[in-house]
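Read the structure below first, then the notes.
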Amino acid sequence: MFSLTVRDHVMIAHSFRGAIFGPAQGLHGATYLVDAEFRRRSLDADGLVVDIGKAGEALKAVLAPINYRNLDELADFEGRNTTTEFLARWIWQRLAEAIAAGTLGEAARDLEALKVTLGESHVAWAAYEADLPG
Amino acid sequence: MFSLTVRDHVMIAHSFRGAIFGPAQGLHGATYLVDAEFRRRSLDADGLVVDIGKAGEALKAVLAPINYRNLDELADFEGRNTTTEFLARWIWQRLAEAIAAGTLGEAARDLEALKVTLGESHVAWAAYEADLPG
Amino acid sequence: MFSLTVRDHVMIAHSFRGAIFGPAQGLHGATYLVDAEFRRRSLDADGLVVDIGKAGEALKAVLAPINYRNLDELADFEGRNTTTEFLARWIWQRLAEAIAAGTLGEAARDLEALKVTLGESHVAWAAYEADLPG
Amino acid sequence: MFSLTVRDHVMIAHSFRGAIFGPAQGLHGATYLVDAEFRRRSLDADGLVVDIGKAGEALKAVLAPINYRNLDELADFEGRNTTTEFLARWIWQRLAEAIAAGTLGEAARDLEALKVTLGESHVAWAAYEADLPG
Amino acid sequence: MFSLTVRDHVMIAHSFRGAIFGPAQGLHGATYLVDAEFRRRSLDADGLVVDIGKAGEALKAVLAPINYRNLDELADFEGRNTTTEFLARWIWQRLAEAIAAGTLGEAARDLEALKVTLGESHVAWAAYEADLPG
Amino acid sequence: MFSLTVRDHVMIAHSFRGAIFGPAQGLHGATYLVDAEFRRRSLDADGLVVDIGKAGEALKAVLAPINYRNLDELADFEGRNTTTEFLARWIWQRLAEAIAAGTLGEAARDLEALKVTLGESHVAWAAYEADLPG
């Protein structure tokens, strides 16, 4: 299995609901390092997993609507705790849609799996990974 | 699959038996960066893989008996080479017991797999991973 | 010159005023990696720059009032842009007060300089450094 | 599953063919951080995944023929785009041959899988992983 | 003293002349992580060392003419060994010119010093630092 | 001012004397990442701060007598607490001797300053820096 990973980041505000979150129930924020790992069994005709330029642009485009935002105010997240692991899946879903839409190039439709990792600090990170449909 | 990882560290002394270890047969030591990765297929009711606070405390509690110690003097390791990979499994086992005992919370009993990685330097690290029982 | 550095982190929300900040004028947030570097010309009687345990606790105590907070709501920061460089100095000042108060131990009163670095992402960080009074 | 990883690096020049590569069609270069991860289900008689000294030497020996070279001039890569993902597999194949030849020790013949990751910058990396034959 | 640092990277090919360079006399390449650290004694009216957006754009603009290039073919470097330390100063000079030209904003003319660090691998890096004129 | 830094590491055991050290009074150990930063005002005739190969070998040679050792048993450290900051200066002194002896090449005699940083974990490090004699 081959993989290619690109890194970007976002800076967001949010709060959590539930006693388990303790002080994180208050409005606070995070810088998330976001790693998108694309996987496929064989390389495309150019010797690539995916065009690294298109991959980076697609990740940036997926992150744009949440970058420099208070997630508590976004309709997509209404009634949800935007935990690191929850956001990893949300970004995964947006990237999967972009792949299906051909945004990462025709060859990228052959990608087999995707993993999104969000680093919230130097001592904690979370991820979501799954096979891509089709 | 979702995952959440927390990082801590320990500083230990030990020695190895066997010509293959060369100069590491003498008493020396290591700082181990310890990453505990918890995995589950779906998030719990709070949108979490595991309570990050409880996860961090459980890891610290597991590491406490070996932190600032000479592993050659601990009964648990008698007659064993406490290699990085061996210690990764030892920590895995202690964390698995803590999960089973409910130390990481009731929801953590649904965790499906665990990976423990020990970084011994900027150029070498080892890991043990396995599904959790039950 | 000797130095000792300890690292911790905080997760905060804030917003900026001024067209120069662009999208960062909206409420967003950051994880700041905080490195406190203590400097002195000669080691103390124990062979230390400063007790690393006390240094870590002092840094955590200084960060506690801003951790998991919206900085826009704190009286200390009223009317100020809590930029990364501004916060580096604010933390510097609180640590300098703790040193002067003897919180880091009597020997720490001989510390000569202090530098505080805040990492806001993997591609940007800011710092404030100055000699300590007395 | 146990794993052990060792890190080294190479500094190479190369160019790519194909419009998709944009400015990277010109002769340029890269420092690749190379991580070789060796995996096996149970530890050997010494409590090891593989002798870390032999693993490091084997990786260095595999990298020697490409280190400080222009890959465009090497027969092995004629007519190929030496992308990061392509090189990850090429190094994987050389290491697999070394394992099969006994270069990493007799016990290393029981290794079950191998992953090679190449970091091309702080924001992009690629990998190839597969089970080892035999 | 305050500082703000931004990071970017370039991927270049080059060769060195002189027996001291050993195998690096052949055409090879490098990924350089480039950190530009801007320093000033007091913050500007917005609470900044320098506008982080403009700083990042200026660094990218300075790096553009060497990114994805064979430095041996560039007139600027004719007859010179483009060592890591030499390139650190070359980038320093281009950034100093950009500051003097107002590219980083009017307030940036008050910057007092600049340091440029180039990481060539995980085990080696070089830097050039000096006061800015005016 | 130019600088060049090379990184290596050592794995040692030791214990401390003094109540201030708490649990670290027991025999334990550490992996130290060791960064040696060489500084000079102008580059040598080859465009270098120092020959990076010779610098790396000199650092490795300085570390060899303490690598894989119990520092409590070494005559050099008798009656001393081998704290991270103390060891930074000890390595500084050995490297300064090597520079004076011409081990890093004739041109290295013009080096003006040296800094040695020891990382003991991902959250703590210490350094010693001073001008070089002559």
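To keep things simple, chains are lettered A, B, C, D, E and F as they appear, and every chain counts its residues starting from 1.
Just so it is clear, a residue touches a chain if its C-beta (ideal position, glycine included) is under 8 Å from a C-beta of that chain, and two chains touch if they have at least 3 such contacts.
Here the structure is a predicted model, which is why all the values come from computation and not from measurement.
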Chain E and chain B - chains in contact with each: D, F
Interface copy of C-E among A-C, C-F or B-F, judged by whether over half of the contact pairs recur: C-F
Intercentroid distance (Cα basis), chain F paired with chain D, Å: 31
Chain A and chain D, separation of their C-alpha mean positions in angstrom: 27
Per-residue overlap in chain F, given as positions that touch at least 2 other chains: 7, 122-123
Chain F residues within the chain E interface of the complex: 1-8, 43, 46-49, 51-53, 56, 105
Contact footprint of chain E on chain D as seen in their complex: 7, 9, 11-14, 23-24, 26-33, 67-70, 120-123
Complex contact set, residues of chain A against chain B: 18, 20-22, 80-86, 88-89, 122-130
